[in-house]
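Got a structure here, written out as C-alpha cells. Questions coming.
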Amino acid sequence: MTLLDLANPTRFLSLTAKVLPWLAAATAILLAVGLYQSAMAPDDYQQGATVKIMFIHVPNAWLAMFVWGVMSLSALGTLVWRHPLADVSAKAAAPIGAAFTFLALVTGSLWGRPMWGTYWEWDARLTSVLILFLMYLGLMALWRAVEDPTRAARAAAVLTLVGAVNLPIIKFSVDWWNTLHQPASVMRMGGSTLDKAFLIPLLTMAVAFSLLFVTLHMAAMRNEILRRRVRSLQMMQAGQQAA
Amino acid sequence: MQPAAITESRNVMESAAFRLVGRALTCIRGGREIFADLGFSLSAGEALAVTGRNGAGKTSLLRLIGGLLKPAAGTIVLEGSPDESPPAEQAHYLGHRDALKPALSVAENLRFWHAFLGGERDSPPAALAAVGLDHIAHLPAGYLSAGQKRRLSMARLVAVRRPLWLLDEPTSALDTAGQALFATLMTDHLAKGGLIVAATHAPLGIATRELRIGGAA
Amino acid sequence: MTALAALIRRDLRVALRVGGGALIGVLFFLTVVVLMPFALGPDLALLKRLGPAILWLGALLASLLTLDRLFTADHDDGSLDLIVMSRAPLELACAAKAVAHWLAAGVPLIVATPVLGLLLNLDGQATLAVALTLLAGTPALTFTGMIGAALAVTLHRGGLLLAVLVLPLSIPVLIFGVAASNAAIAGPDGFGAPFSILCALSLAGLVIGPVAAAASLRHGLD
Amino acid sequence: MTLATMLGPYASFIVASYAIVGAIVVALIAWIALDYRTQKARLRELEAGGARRRSGRGVTDIA
Amino acid sequence: MTALAALIRRDLRVALRVGGGALIGVLFFLTVVVLMPFALGPDLALLKRLGPAILWLGALLASLLTLDRLFTADHDDGSLDLIVMSRAPLELACAAKAVAHWLAAGVPLIVATPVLGLLLNLDGQATLAVALTLLAGTPALTFTGMIGAALAVTLHRGGLLLAVLVLPLSIPVLIFGVAASNAAIAGPDGFGAPFSILCALSLAGLVIGPVAAAASLRHGLD
Amino acid sequence: MQPAAITESRNVMESAAFRLVGRALTCIRGGREIFADLGFSLSAGEALAVTGRNGAGKTSLLRLIGGLLKPAAGTIVLEGSPDESPPAEQAHYLGHRDALKPALSVAENLRFWHAFLGGERDSPPAALAAVGLDHIAHLPAGYLSAGQKRRLSMARLVAVRRPLWLLDEPTSALDTAGQALFATLMTDHLAKGGLIVAATHAPLGIATRELRIGGAA
C-alpha cells in the first residue's frame, strides 16, 4: 500500500472501509477512559470543579486550529498537485473544524462566566478564535454556494491558504493590541506546570478528540466521494438523454 | 496615447510556417463531457469552420484553443511559432461579448485594446475606417447598435495583428455589407498566412475546411 | 509596460466617468463619520479619541463597497477573456487593475480625511497622521479585497458572501492602522512600529493579492 | 450525593458544557451517518436506472 | 398578484443563490460586528454604547452592497425590458423587487440581532428594542435606495447620482434609528418619538420609493 | 409553482381582427435623428421583416412598438385590441439580451416568466419540449450555450400567448434545426392570427412583407 494507491478514490474507499470500524472503536474506548479520568480528577484549589471544563475545552481549541492546518495542506494539494482527494479532504474537514471551533467558544464562554464573571470578553485569544470560526463558516458557505466541486475547490483553496497566513497575524496583532490598551484581565492557569492529576485526563481527552477527528474526517471524505459519484452519474444520465 | 502606426516590414505571419494542431481533445464543463477525442490541424492560410448543433461545443473548442478553458485531455499547439508562446498569446478572440466599455467612446475603446494587446499593430483610426465606423468614433460605445458593436470588435482584429483568429459566430448582427467587408478582411488575413478558426451556423463567405462536432441539444 | 499603463488609464477613465464606485465610497465614508456623533452623544472627548478608529472603519467598509465589481464587470462584458489571453502576465494585469481602483477609490478617501477630521474634532497634526496611515494602509485593503473580487468571478457569486470572505482577511490592516494613528496622536514615539507593519502589510498585499487573484482567475474562467 | 453538590456552585456550567459537546459530537456523527445512507441510496438508484461509471477514467472521475 | 409573487420569489431565489444562502446575511452582520472591537478597542462599555450604531451601519452597508445592482442587473440581462412591458403596473413591480431585496438583506439582520446583542453585551430588552427599530427602519433604507438604483439604470453614468442622492436620504433613517435604539436602551420614555418618525419614514418610503423608481425607469429606458 | 397548462378555448388572437399601425414615426436617440416619418401597417396573420443597414434603426423601431422608447413624433396603435391596452402589453419582445438569470435553472427561468407575464398560457414543460430543451431543464441557465439561451427565450413565446411578437434578429445563434423549428413556431403563430415584426439580416424562412429603413452606418 503506497501513497499512490491511496490517491485512487476507489482504493481509498475500500481501504477506509476496513480501517474505519477500528478507528471508531479506538475513539470510543479512549473517550470513555478520558471521561472517566476527568470525572475522577480532583478539584482545583482555585477553580474548584470548573476545572473539569478544561478537559473538553482545551482539546476542542487545539483541534479548531489543527483542522485549519489540515485544510491548508489539502489546499496545497489542490493548487499545486491538483490532487482530487485533496479537494475532498478540504471540503470534508470544514464542517468538522467549524464544530470544534464552536465547541471551543461555547465551553470557553461557559468557563469564563464562573471564572471571569462574563461570558464574553474581547480578549486576544477569544477574538482570534471567533475570527477563526467566522472563516470556517465563510468557507463552508463557499463550498455550499457553488455546485461545481472542482471550481469551488480552487476558490476554497486560495481562501484557505490566505486565511492560514492571516490567522497568525490576527492572533499576533490582537495580542499586541490588547497589551497596548489595557492589561489583559485574563486569568490563565498557564500551560506551564500543570499537575499530573489534570495533565493525564487532559492528554487522554486530547488524543481521544484527535482520533474522533480522524474518524469523522475519513467518514466525511467517503461521503464526499460518493456524492461526487452521484453527481457525475446524474450528469452523465443527462448527457445520455440528450444524445 | 498610442500615437502612430507601428508598421514594421518584418511580418511574423509570413516568416513562419504556422500550424495549429489539436490532438485527442476532451472537454468537460460543469461535470459533463462536451466532446471527446477531437483532433484537427490547420496550416497557415487556412480557415476552419467549426460547425455543429446548438450546444455541441463549438464555443468550448474556441475557448480551449484560446486557453480560456483547460482541456480534460489532449493538447493544442501552435507549431512553428517563433517564440514558443502559447496559442493564446498569438490569437485574437472574438466572442459573443464585445469587450467594450459603454462609457468610453468608440475611439477610446479601440485605442485601449490597441495599446493593451501590443505586438505588431496598425493605427486605430485606420482600423476604424476599415470597418466603417470612422464617422462615429466619438460616440460612446454604449450608443452603438448591435451590428456597430460587432464592427468595433472587428476593428480590433485589424488594428492589432495576430496570426490566429478565433471567431465565434463572427457575422451575427452584421448587415450584408458588413458580412462582405468581414469576408474581405478574412481573405486578406489568410493571404498573409494567417489562420482562422470560426464557429458558425452561417456560411462565412470564404473557402473553409469544416470541422463538425457531434453532440446534441 | 504600455499595456499595463493602458489598463490603468482605462479603468481610471471608466471609474471617473461612470462615477459610481469612487463616489459611493467617499459618501459612505462621510455617512459613517456623520453618524458617529449621533451614536455617541455629545461627548467631544470620546469622539476625538475614537476619531482614527471611525475613519479607518469607514475606509475599510467603503473599499468593500466599491471592490466587488472590480473583475465581474470585465467578466460580464468579455474584457476579462482578452486580458487573460494577452501577453501581459495576469498577475501584473491584476496589480494594474488594483492600482487603478486604489487611485479612483482610495485616494479620494485620503483627500477627504482632513474635512472629516474637522467633524471628529481632530486637531491638524492628528488628522495628518490618520491621513498618512490611510495612505500607507488603504493599498493593503485594496489588495486583499482584490482576492475576493477575483473569487466573485470564479464563483459567479457576489454580494454579502464576498464581504464575509474578505472582511476577516482585512482585520490586521485595521488593527495596525488604528494603532498607528492612535500612537501618532498620543505622541511621536509609538508611531514607528505599527506604521512600518502597516507598510509591510501593504507590500505583502502587493505580492499576495495579485498572485492569489490571478490564480483564482486562471482556474476559474469558463 | 447529587451531581450538583459534587460539582460545587458551578455545576450547571460544567454539565452544560459537557452536554453541549456531547450533543454537537452526536449531531456530527448522525449527520455523517445519514449522509452516507442517502448517498448510497442515490447511487444504488442511479445504477439501477442504468447509469454506469465508465472504467478507466481513474482519478478524474470523482471530480 | 401571481405576477408580483413570482417576481418576489425569483429575486429572492437569485439573491440567496448568488449571495450564498439565507445564513450569509446573518454571518455578514456577525462579521461586521466582530470588526468593531478591532477598530475601537476591546472596551465593552464603549461597544455597548455604540452597539445600535454598529448594527445600523451594518444594515446600511448590507443594503448598499446589494442595492446598487437591483435594477442594473435586470437591465443588463434584458429582464427589465420585459418587466416594463408587462401588464403588472411598474410601480407594483418595483415595490415587489424592493420587498424581495428587503427580505434578503434586511430580515437576516433583524434575525441576527440577538446574537450580536450578546457579543455587544446588550441586555435582552435593549436587544429587542434595537431589533424593533431595525424592523421598522430597514424598509426605509431599501425604499430610498431603490430610487438611486433606478436612477443608476436611467443615467448610464448614473452611479454618481446614485451615491449623491441616496446616501444623504438614508442619513435621517440612520439617525432616527440610532436615536430610537439609544432611547430604548436608556429607558422607555424617549423611545416613542424617534420610533414613530422611523415608522413614518418607512411608510413614506413605501409610497415614494416605488413611484419615483417607476417614473425614472419609464422615462429612462433606451 | 404553475402546475398545468391553461388552455382556454377562447383565443384572443382569433376573436379580434388585429391591426398594428404606425404613423409618421420619428425616432431620436442620443440627440441624433435615427429615422423620420416612418409608417407601416400590419394585419393579423402577417409578418413584417424590418431590414436595413447596421445602425439604420431596426432595433429602435421594435423598441418604439414595445413602448420601450418614446417616439419623438407619430403614433403606434394596435387596432381591434379588445381592451384598449397599449401594444406593449399585447406583445412579446425577444431582444438581443435573453432576460435569463444565470443562477436559476432553465425550468425556473421559464416558470418565472410564465407566472410573471400572465394572461393566456401553455405549460412551461411543454414549451421547453417544443424548443428542444426539456432534457436540460434542471441545468443553471448560466451553463447554456448561446443557441440554447436563444431557444430558452423562444420557449417564452410558446409558454405565454401574445398576439404581437417583436423579434430582434431572432435566428442569430440558432443552428439549422433551430431555425427551422423557429420558422414553424412563427408559421403557427401567424396561422392563429398573430402578428410578427422582426428585425433581421437573414431570411426568416417564412413569408414576410418587408419594411426597409434607410439610414446609414
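In order of appearance the chains are A, B, C, D, E and F, and numbering begins at 1 in each one.
The rule is simple: a contact is a pair of C-beta atoms (placed from the backbone, for glycine too) under 8 Å apart; a residue touches a chain by one contact, two chains touch by 3 or more.
Small disclaimer: the values here were computed from a predicted structure and weren't measured.
Chemist: If you check the contacts of chain B and chain E, which chains show up for both?
Modeler: Joint contacts, listed by label: A, C, F.
Chemist: Between 0 and 180 degrees and rounded to the nearest 5, what angle rotates chain C's CA atoms onto those of chain E?
Modeler: Value: 175 degrees, nearest 5.
Chemist: Max contacts between which two chains?
Modeler: Most contacting pair of chains: C-E.
Chemist: Based on the averaged CA atom positions, which chain is farthest from chain F?
Modeler: So the farthest one, by centre of C-alpha atoms, is A.
Chemist: When chain B meets its copy chain F, do both sides use mostly the same residue numbers (more than half shared) or mostly different ones?
Modeler: Mostly same residues: over half of the interface numbers shared.
Chemist: At what distance in angstrom does the C-alpha mean of chain F lie from that of chain C?
Modeler: 45
Chemist: State, to the nearest whole Å, the distance from the C-alpha centre of chain C to the C-alpha centre of chain E.
Modeler: Those two chain centres are 23 Å apart.
Chemist: Just give me the whole-number Å value for how far the CA centre of chain B lies from that of chain F.
Modeler: Using C-alpha averages as centres, the distance is 31 Å.
Chemist: Quick check on chain D: which residues sit in contact with 2+ other chains?
Modeler: Residue numbers touching two or more other chains: 60, 63.
Chemist: Going through chain F residue by residue, note those that touch at least 2 other chains and give them in order.
Modeler: Touching at least two other chains: 29, 96, 103, 135-136, 139.
Chemist: Two or more other chains in contact with one residue: find those residues in chain A.
Modeler: In chain A, the residues touching two or more other chains are 131, 134, 137-138, 141-142, 145, 147, 174, 177, 232, 236, 238, 242.
Chemist: Hey, which residues of chain B end up touching chain F in the complex?
Modeler: 29-30, 52-55, 58-59, 96, 132-133, 135-136, 139, 143-148, 150-151, 168-169, 172-179, 201-202, 217
Chemist: Which of the residues in chain C come into contact with chain F in the complex?
Modeler: It is residues 156 of chain C that touch chain F.
Chemist: Note which residues of chain C are touching chain B in the complex, please.
Modeler: 2-3, 5-7, 9-10, 13-14, 17-18, 76-79, 81-88, 221-222
Chemist: What residues of chain D sit close enough to touch chain A in their complex?
Modeler: Contacts found on chain D: 6-11, 13-14, 16-18, 20-21, 24-25, 28-29, 32-33, 35-36, 39-40, 42-43, 46-47, 49, 51, 53, 58-63.
Chemist: Within the complex, which stretch of chain E touches chain C?
Modeler: Residues 15, 18-20, 24-25, 27-28, 31-32, 35-36, 38-41, 46, 49-50, 52-53, 56-57, 60-62, 64-66, 68, 76, 105, 152, 156-164, 167-168, 170-171, 174-175, 178-179, 182 of chain E touch chain C in their complex.
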